[in-house]
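As written, the chain order gives the labels A, B, C and D, with residue 1 at the start of each chain.
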């Protein structure tokens, strides 16, 4: 069973212990509860699509471990072409669902990072993490499971290091080591798509110092493991998601982000991939963010496609030609293709890791992260500009008002333009949804902040090389050193 | 009773006939219904503030008709200083309520426009509109009422002129003229702050051609007039407004925008200020947008102040210093002061109309409109950048989850940073509220689109003067005319 | 003789001792030497214009000391209207000459700053600086002289304070005090329009500490004073200025910037306006930069007008309609009016100083400085975009090649478009001149750097007020202080 | 002799007939004349570098025709890796020479375009153009010649088609066909690096209609062919290039752009690669611009490296640390890597042409062209911002003044900061040179205008696909067509 059907996927989710909550309520069936069903349906397209002639090539690939067909979300990146395919898949998933497939994306990135890190640890430390990992991965591929990834710790006071915190649990940590496994306590926060996942892949959220061994931990667990309490966070307009009708225009897709609370959770050894090896933590984060920040260009381009399409639909429904908006559309295209293209460039100019994994170029990947944190906002503004006032803040009567026996006919009469009132509303609601509503993804801080990306850019930008180039050209022979103390 | 108390204001709203609906439900008391009470409370500050030593000078002025103290929202603009005071009042109102006092602002602008237009019509046509208007205004000042303004028609198919529409009612029109008044049919859409208003001031939404007399109409009516059906529209996160707790952080302020359906509404003559005078319609729109587009710079600066404050509060709650964000803060200051300042400049370089009104400079006012339609978006992005992932999409557990007996203590434990979990949440929710939530005003299309503003800019930019300047400098004597047919 | 004629002005320049050099050559007559005559001719328009009905109201005003008509460049700012007139005059001067009237502008600003500072010193210290100053000013108005202003010191190693420098002379300083005057040594650098000036007004370039009394000095001197050596600096394309023909399209205007070397120059007491009063130095700089950074918005708008006009002339000469470039032109208008308007706003929201001077608002003036340091660049790019490849880098054969007997006819044949080859060249050369040639003013660092302006913005932005506004709205009661140590 | 030495290269240039002019003077030796020697020296690095261990891998490759080592500038693009190498070579050439190697770059692109077009014509029309082309190319590789490319016609009145022009010669055209060859008349304008070239490769500058056969012509000629008159155009600061000393800081590199006048030039058949085949003209332009607009991202990144290096050198010479400018530097890095990366992406997502050539992706290549036309300007502004007033307009005394016996010591004294006066001047002159001086390349219109690129973007952007995606997501079933007549 290398590729599950959509029904098998739903069944696998229903079979799990309920441990997800929202609004102080336990969600007993994630596939039907209004707070989670849309994200499940969105992720479901990765299963449905695998049985569709046209979508399959983007969604599946061949396991380099078994030669079997597998979901691309369970594969190891081994070439630039694998990265291009990944970007294309993500763009297509946004096109299909309107939003992020976060419950597979971060998990896939995390397992790729640990593929490399476990290989390096085994090489250096003679551990057997990589073998454990491969065994688990082979099994995961066979079971065709959905795996969320969890990086971000609660972090407490940002001015303090982990050990200085009043409560050390604000960084997830190992509180006990047993012969058969480890016990962890803490939290991982803002974790995407948990409700759609079978398992959760946990990796360190930052680089740790030598004496911070308790925080250097990586493992994979069933989502419903004992001791794990999950609370889904709010997002803009989230209660509208639960309504009937077209005020929330997208039915098969939706973002959720959860807080995971680990209250002394036991993890057996064969699911532990790092435990105390602090010096591999920073590189693990690096191995995570490079492909993540490359592929995310495809994601935001995929949503940008929808912003373009829905804005023009609204304009045409109003009676306006797309030609009127040529300048704005061109800027939207440029924004989309810039994030998409920079991710491709980071892949193209990457290099092979001795483990066999493909490493994206860190400079280009992080430049892309900065674009991803800025250009989609401009694309949203342009979509609102084109679509007009009814889309800008979704300023239209509600679906319930459209149905009103008392005055629904007045809404139909006065909202009608070139297209019917309902079509106008649907098109404009889609613009609202992805620019100001529940479809807005966290593209600025997702996968790390733009300021973090800028640090990596500076670290990789080779300033002194450029100074040397200028020095030679200008014919300067005098030594001009960096002043020790800067004064502004 | 030139200045009403807050209680008198509430009483005046409660005394009206219920004719406002939302979600197919009639709102019986706008001062307590969760869909409208926040906007009423926000507008209420214009009454409360008039009795506060510090706020009074900004909120009140002296009637040029009676010499009595009146609300600034009922005054006629007569000098640049009046406009500066107006900008300052609006900035302060945003500071106090987090958002727009739209239920007084557009009404005030509309009555100022008609002050001029009625004066011009009387001068040219020997009508008595201006006298009617002054009589009504004196009375309105004495009653200290809140007056919404209504401009925007439904407009139907944008590719067609009013008379070409399938259903001419998509532009509000006079369907009958009687000896004692007129009967109108049609709609005005996206009208701000209706629930907080006592009366509604209606003016034409566009310039009409000579043969479109039925659409050239202006009048003022009680909000609860017979034949008027009002439906409040949705806005992002509007159902969250109705919840308890701090997920919607602002309690005394809120935006509403309504659709007004006029089903053969009768308006007595003494409240009619234009009826068929098409050639005054375009200038009326101009008289509306000049002060509107000047003062709105103060509005968005006022909300920008909150974006700055809430972003820094969140950063500090996280343990970060404001100094870290100096570059970003500086850009936010620049954005705020640019919209504020350009509005001031438009006022300063305006001129006196023979009626006594002060006219803002159209070029500078419309340049400001373009800034207002763009800079606040950048300010929002910067606020989200500073405040981090929890603010970007409000990615935190709900207020109800904070109270959970089961796991509320875990949220408190893991959301705590430098400040408590609750303070962090409150600060971050405020960022969310004004950048992606129900506090986002329609600053792009409110008061007209930026593309409309650009048309006015081009009309006032004196291109040929600049060509002549360049021609003289370059010493060109040959005639170089504008080609008749452009080729791209 | 309150207003001199152009001829009297030229005569006054010719009467001075030659002490200006360029390319290691002494310039004996600034009114005819190719390196200086264009700037003299440009400044000459302030004299010619005073006798032109249309230009006079902008160029002249009434002395508040004598009631006589004087050049606006010799007046004291006393109201917002004075500042508006100043902005308008500067915009007009750019329109007339293509560039900066720097030889009067900085001098006028410097004397306005010292009007205030001398008043304050007399008030506080019982000195007689203000009386000396007024006596000199009255005389300067009567003589209708052109006065350059000199602020910027050589400054040496930017990481060191004045007293720490290896050679203290890098800040201009008093080396001897005599009964009848003082002796100064040092340099003032990048001083605009010296060749067109009769006198030079010197003020401190920065704020000094209590123990740095030797640097706190202000005075006014004849340009040809004994001991002063002047070297004109290069600017882009400066040798082209000296050519015949239309490759340098502007003949009556040009920027020059000089280094002034003071080798123990003696200044008599009645021309000394500060000597050792360190605590007035920083405020003097402030009094200089506020009106400077307000009015400069008019300057760059004035050059922006030319960029618009010359770009459209070139496009039309190519056969293209201005309509094709509507979007780009609109952005150029916006840029121009934003710098112009923000200067107006700074004036409008200023306040009266007890000396009678008008003080512009520091926040708005410095926001404007940042716009002035950025928007004109974008306007230049748009001009090049519209005008095409021949303008972008002036990529056309030279004037001499146009005249070639051998192949001049080929150039005429192939450069001809809708207009003649020569008209196209003249129009495109004007675009080149003001976007990449000798007409490019130093708008980024002139009057101080944008980073310096940002410091002033932050100092005036009232961050804590905005935090308090947000705190109240969010209902936060917990104290959230600025962390002592920032961590990024 | 597949790789020539630098001396052989110079000899080959000296051996040619003088036919290049500037300032109405014939240049008899391009290798020593001050107007051309710098560009020759710059191009010379492609020969010198081929004998340098480190530079060789970037500058040379293997001929797919002969298997011999050849200059990369004479190779046919066959894979994405060939394009990456091309971008890297161009970036390195900018690093080495400060500027463009335009005399080889456009020629190489033109021959690659005609490699494909001749193949297509032979396939479709049974001509023997491709064989002629390969024969010439093999010979050109063996001779290791430098080949300029010439595209742009004079074009006359832009509102008219070629046949409508008063003088049809404004588009280069065939005026006679003989048995042994063709005769052409007309001009190619703004041709880069002609003085450094041995031959010139001419291709059509636009797509022609069926009846415009006389203009559809491509051929390659010796630069000194009979009947060809060449006039070098001006560029900013070009006379400074001819001076001694460090005012023009770059000695081995420089841009020249020439007008080529063809007065009935005869071209033998074996050098003619298109003659009348109008329907291949538009695709030829496309085959030219795709690799050109991809690789140019490397070019501007290469110059961006110098802007960074020289700005920091100046800042350090002033005594300031690079750290002060972290934000600005990061934006410069982002700009550089964005143009570089988008070119890489266009190559990576290209496809194989049946001729064996590699085609870059047109959408991504043209998005890059827009970035290339905008980002380098911002990078320049940032360089000027960092480097300060002396760099912004090169506001320093001249080299000659530095040497002055009279006051050179004063310049040395007062220009000294952390570094010596001369080092500061050299560093700042380099900033001036590449941001406002003779080193500024025509990156906006070179290789076509950004508006032209936007047309290609729109043609490739698949708007209707995006509309379909949005339509499905929004659940819209009504047909909403593009209105026939747009109204704004």
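Rule of thumb we're sticking to: contacts are C-beta pairs under 8 Å (C-beta built on N, C-alpha and C of every residue); 3 or more make two chains touch, one makes a residue touch a chain.
Remember, predicted model here, so these are calculated numbers, not experimental data.
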Under the touch definition above, the chains in contact with both chain B and chain D are A, C
Taking shared numbers over all numbers used, above half giving same and below half different, the chain B and chain C interface sides are same
Which of A-D and A-C has more C-beta pairs touching across its chains: A-D
Furthest chain, CA centroid comparison against chain D: B
Here the gap between chain A and chain B, centre to centre from mean Cα coordinates and rounded to Å, is 38
Using Cα averages as centroids, what's the distance between chain A and chain D in whole Å? 40
For chain A and chain C, let me know how many angstrom lie between their CA-based centres, rounded off. 52
Multi-chain touching residues of chain D, meaning two or more other chains, are 158-159, 319-320, 418, 451, 483, 485-488
In the complex, chain D residues that touch chain A: 80, 84, 95, 98, 246, 249-251, 253, 305-306, 308-310, 312-313, 316-317, 319-324, 326, 329-330, 333-334, 337-338, 340-342, 344-349, 363-364, 367-368, 370-371, 418-420, 422-423, 426-427, 429-430, 454, 457-458, 461, 463, 465-471, 473-476, 478, 480-483, 485-488
Quick one: in the complex, what on chain B touches chain D? 158-159, 327, 451, 483, 485-488
Contacting residues of chain B [partner chain A, same complex]: 21-24, 152, 154-160, 167, 169-170, 186-187, 189-190, 229, 231-237, 239-240, 247, 255, 257, 259, 261, 263, 318-320, 373-374, 377, 381, 384-385, 388-390, 392-398, 400-401, 403-404, 406-407, 410-411, 413-418, 432, 436-437, 440-442, 444-446, 449-451
